[in-house]
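Same chain, two partners: subunit A is paired with subunit B first, then with subunit C.
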Partner chain A sequence: MSEKGHMTNTNSALRRQNKAQRLGRLGKLARGKFVSPDKVPQVLKRIIESGDILCLEGDNQKQADFLANNLATLDKKDLHDIHLVMSCITLPAHIQLFKKGMIRQVDFCYAGPQGTAVADLVKAKKFPVGAIHTYNELYARYYIDLTPRVALIAAAQADRKGNLFLAANTEETPAIVEPTAFSDGIVFAQVNEIVDKLPRIDIPADQVDLVVEAPYPMHLQALFTRDPAAITDVQVLMAMVALRGIYEKYEVQSLNHGVGFNTAAIELLLPTYGERLGLKGKICKYWMVNPLPTMIPAIESGWVESVFAVGGEVGMERYTAARSDVFFTGRDGSFHSNRAMGQLAGHYAIDMFIGASLQIDINGNSSTVSKNRITGFGGAPNMGCQPTGRRHPTKAWLKAGTEANPGPGSPPGRKLVVQMVETFQAGRVPTFVEQLDATDPSIRKALHGVAPVMIYGDDVTHIVTEEGIANLAACRSIAERQAAIRAVAGYTPVGLKRKKRETENLRARGIVQLPEDVGVRPAEASRSLLAAQDIKGLVRWSKGLYDPPPQFVDW
Partner chain B sequence: MEKFAKAFPSSPLQAKTAKPWALAGVVGSGNLEVLLEVGGRPSDRMECHVETSIPGYKASWLAALADFAHNYPAGGTKVTINDQGAPPVLVNLRLRQAYDHLIKSNK
Partner chain C sequence: MTRGPLFHEQTARQRIAALVDPGSFDELLPPPDRITSPYLGQLGIPVSFDDGVVIGRAKIGGKKIYLAAQVGQFVGGAVGEIHGAKLTGLFKAAARDRLPCVVVIESGGVRLHEGSAGEIAIAETMRAIFECRARKVPTIAVIGTDIGAYGGMGILSTCCDFRVMSEHGRLGISGPIVIEKWMGKKAYDSSNRALVWKTSGGKTKYLLGDADALVHDTADAVRDAIAKLLGKSSAVTLKSVKTRQKELARRLKRFGETADPDAVWKGMGVRDIARASLASGPEFAAIARRGK
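For the complex of A and B:
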């Protein structure tokens, strides 16, 4: 055996010893793998050491909230210099850890609901951030330089051996458990209940060290439910323009949709407007998307071949189980998701990513970060980028590639990366800006010089607004790209700077297209085109199988 | 409340329209109403009258109307807009809808 190999074995033995010591400190606090809820703070104190890389499971949907809340009852004297790694800073308990000064460094992806609190922590210099990551980027680092010593995770059920069932919300659990378990780290799971027999095993007991039956079920956010009643005529217009000018033009077969109302409008136009255009069977067959309730009419109308998801969606459990011909399901018949694999699929295997953003600058860079709200990204940058490792052709990929006029050193194809935004946000705040708030010096400084750009302008192929489509991929210079963006930026300060002659030149070359240019009649842009007018309509389409969360039920 | 009027250069409207006038949208909170009428005004001007509940956006209104007059042959029409705080993104859609109704029959 080589010297290097020998060294590695020794280190690995030390790490293993250390794990045994930590578990050994538990004494009677655990019965085998099982811990009673009231003992959790003491258990956490004994299994976590100051200086550890600690992973707290919590994405934009499911949360190991019982374990997080217990961790937040500890203090700096119990634990300090923790290097926290987690995809989403979502709970007040997460913020507490920073306020108490327990965290030496944090590496994360997204801070949606706590975005304001994070911005405040940054201002108070209490947020020692390494970097804001995309999901798969962070999971990848769990295998390289951010391997957790302890992972606190959440599961639906455990059996008496500690096998775990993750139900619809598998999400990122495997991506956390594997690197932790296979590096002699400690995996501690909170479960909603302990049962004799699991419907299916998602995580083998072998990879689980401790289990607690939490006194309340893990927090699950209904993140992808969009009420059709809130979709506007303008969004219907944009959806029609996108369908004709992009979906139809490129014959987009595989895709990811963002979570906004714009793409929800597209989903609800497929069985009506899309059907009339004769597009059924030609577009939108393969999806990497969560089980969006607004997909139900398209699925029921036979548009969709398959849907793989990064997560579940509250209320879609019975529907997805009933449509296992479309959704991925376990042997038990229930829904299965996987965030890391879904992100991988969305990166390499789809023709198009289409989503929205809060700000787009004149170069096409986009961000959801403002000085007072640091949200980060999550999945969009992984899917909203050009995967230069891609080699397989599809019609859409080749067509978009040809249009982009690739050079001798670039791939022949291109993923369609589409930003679909209204030129103004609520409250007359312009979406288009000369410079992103994300480039603010204070934010850059906190992030070691990196502005948190969600999708880079170079990766974007199209921007769709209520004014029309700008085909950025077909632009031949930066100046031309800026002119194309101004042309669709409406009456924002950025849009008002456009020059008539430039816009006309771009329109003559098909780089800028008005709704009429792609065959859309504005007179038709009305909510009445939507396949479902409200949540109740979706329930009807699902034949009663969709159970909307209470906040969406008004009948 | 703010009120203003201006005429913008525009190519003449097609000789035969589907109807003498067309309406899009409704006057209601967060919405607006656009009335487009064919009349005997100069055939190379689109005459606009705007009444809006939210003052301070005259420059944007004028820019949007100028662009519309430039992009669509609407010379010889009179546009009357009653705005109750519609989001800016809705203005152009309602203009296009009224124009569409005016020139094309709805089968």
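For the complex of A and C:
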């Protein structure tokens, strides 16, 4: 889907001329690289041209919200036929651009908080989507056929030359700036403040064309903060089952955790239950994960060798700086993240990806899309998949590979891709379904025939529920995989269709394992096993270095 | 690092089992008796066989006591006619038998579905508490859950000789949402959890002298605090009431116009707010004392 339009036949000299023309139109609106906040709408009108590929920085955490809000004050007569490329449609301002009819096409990854608004736009045929991508897939296309003409980005600080400091939330800024700056595109940065000297330079000034000091700091979402007080006994049970049946069994050394309460429970069991099992030093040493507050007890107990992250987490700044032996930090000592590189690491260099989902179908496909809420993917599919380009062996990779009984033309190893879900979501909505909502014909049509599946069933090796573990990788046929899923699907309609004899057969072969089969006594599963039972407990573990966001503070 | 269950997460029956001497609890009007609310059924609302409060006789450290624990999961522990009558009867029995009476509170106050009956029941229970106090029978309220003690139960708790609180407990008359509704979000933002706990939570109540003991969030800690108070009682005299009135007037003068709850902590002698915020139970009490 090449959408470069008028740029296809433009050689680089012309592109450079065009950039000079755009910047030339600014006249006195800019002093060197610097723009005053009230001039931003006029500046945007002059540097963006109708038909442009325009990149708005914004993922599930960090947002160039001041620039986005200003863009949304413009109208179709100012700008139209924009091809919008961006990770996450998150802000009301983003939705405004569609409502005003300024967008010809959009290519994106995720629409979390605006999922309902996006579904409404799709129904109203006001959401001309190219495709929903995974993060790295979209960043890759920035270098191929979706190179931005203009990128509106966000940084923590700029100095007087226009060098940028990105603080803890480097995230996707380099992946946007590089393809734009090296193709004579325009990079316009909003910054929280302009200072004389930066703590460190993350983006050099010669890749930055314009800078505005925004009147309010960029929006940062606390996305990975899970209050241990909300973890249930059932989630503790699932965590115990996963620890014994997967982490211990495969000796998982390197991994990614999703953002849910299930995996938070696992993190909080490491210093207690994990320690008792003698697993310290054997599992969970290398992490590709954001600085999860619930990892603090495991880090403080010496479980974790290193953590690389795709983004920061609000409140973890002082803690991560103080634990620079575990986290990646800049020369200034503060936390560093990189979304594209983190996703790459999560794709190639980890033994296991474990996450949750809203719906799993009978073949193991999962999705977070429903008819009334179109969300998308983010990074999970970059990690929750089999990287067939991988060549280096690890214990876990080889063991999972052997179990999957590789054929003469397949890799010897397998990444563990684990889905960990309760059989029912809140409100008695079953997690297991015969068919995903994502396969709804209207959604497929809007997405040019592609159903938005988060993780494909063929990539999943295990499903963990409160009922037990289904080892899909060890199944020898589609029918067997379906029976294994039914066996752990509990009292959902999918689960009620299981046949006792089939389940017993799978259990005898170790493909289905109940808690007792992996040495877990359900009666023992209790919140009191958690190393911290509330946010305050995490702060205590951090010796006061963790500063939780206000909505989590009750002291 | 494995800890026992947290008191504020336990159910009423778990709390009782963890507080009293093993096997010593003898429940009065237990669920099999099915003494339920006559009103909820008429409104199509499910009833509970204990009407949201568990009462009975028990022993703590070998000493006989009467004990009640409210069930927060049932209508927020709110007091209806039966619920209130069980509490009244328990304190009357305590006065009659001259045995200490402990009530573990988890209630927003009167049950709106049976408001008048609930209000009267609470008034009758207060009268029974004062009967206990007139006879020097110790009465102890335990407040250690997020629901806390509000409305009529907040007042009732202050009629008792002593209040044992944990940092999770909250004590007040009007709940945060009610205050916000009357005073406006600017004056009191009920979604600001830090503000809510700093104004009505156990630590602040302990600093101000409304709570007599501040304990860790475990049944063991609560039991130890109760055990220490079982032998004590404070009679209600005209002099004691007047002294208390003077204290309250002083507090109002000192902090009545204060908008920042940290200023109250500082005023009460807490120097290191951040450290005190993270401290729990006796550790907090020690920090607060050292500051004075």
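Some points to look at:
The rule is simple: the second predicted complex is superposed on the first by the 545 of 555 C-alpha atoms of A that agree within 3 Å, B and C clash if a C-alpha of one lies under 4 Å from a C-alpha of the other, contacts with A are read in each partner's own complex, and residues count from 1 in each chain.
Following the convention adopted for this analysis, a contact is a pair of C-beta atoms (placed from the backbone, for glycine too) under 8 Å apart; a residue touches a chain by one contact, two chains touch by 3 or more.
All of these numbers come straight from a predicted model, not from anything done at the bench.
Look at A:500: by the touch rule set out above, it reaches subunit B but stays clear of subunit C.
When the two complexes are overlaid on their common chain A, residue A:233 makes contact with subunit B while staying clear of subunit C. Contacts of A:145 after superposition on the shared chain: neither subunit B nor subunit C is touched.
In the superposition on chain A, contact is made by A:422 with subunit B only, not with subunit C. In the superposition on chain A, A:490 contacts subunit B only, with no contact to subunit C. Of the two partner chains placed by superposition, A:325 touches none, neither subunit B nor subunit C. Of the two partner chains, neither subunit B nor subunit C is touched by A:206.
In the superposition on chain A, contact is made by A:523 with subunit B only, not with subunit C. Common to the subunit B and subunit C contact sets on subunit A is no residue at all.
Against subunit B, the residues of subunit A that register as touching in their complex are 232-234, 237, 422-424, 426, 428, 465-467, 490-491, 496, 500, 514-516, 521-523, 525. On the subunit C side of its complex with subunit A, the touching residues are 1-6, 9, 167, 191-194, 196-198, 201, 203, 274-275, 277-278. Residue ranges of subunit A in contact with subunit C, taken from their complex: 271-272, 275, 297, 301, 526-529, 531, 533, 536, 539-540, 544, 550-551, 553-555.
Considering their complex, residues 24, 59-60, 63-64, 70-71, 87-93, 96-97, 99-101, 104, 106 of subunit B touch subunit A.
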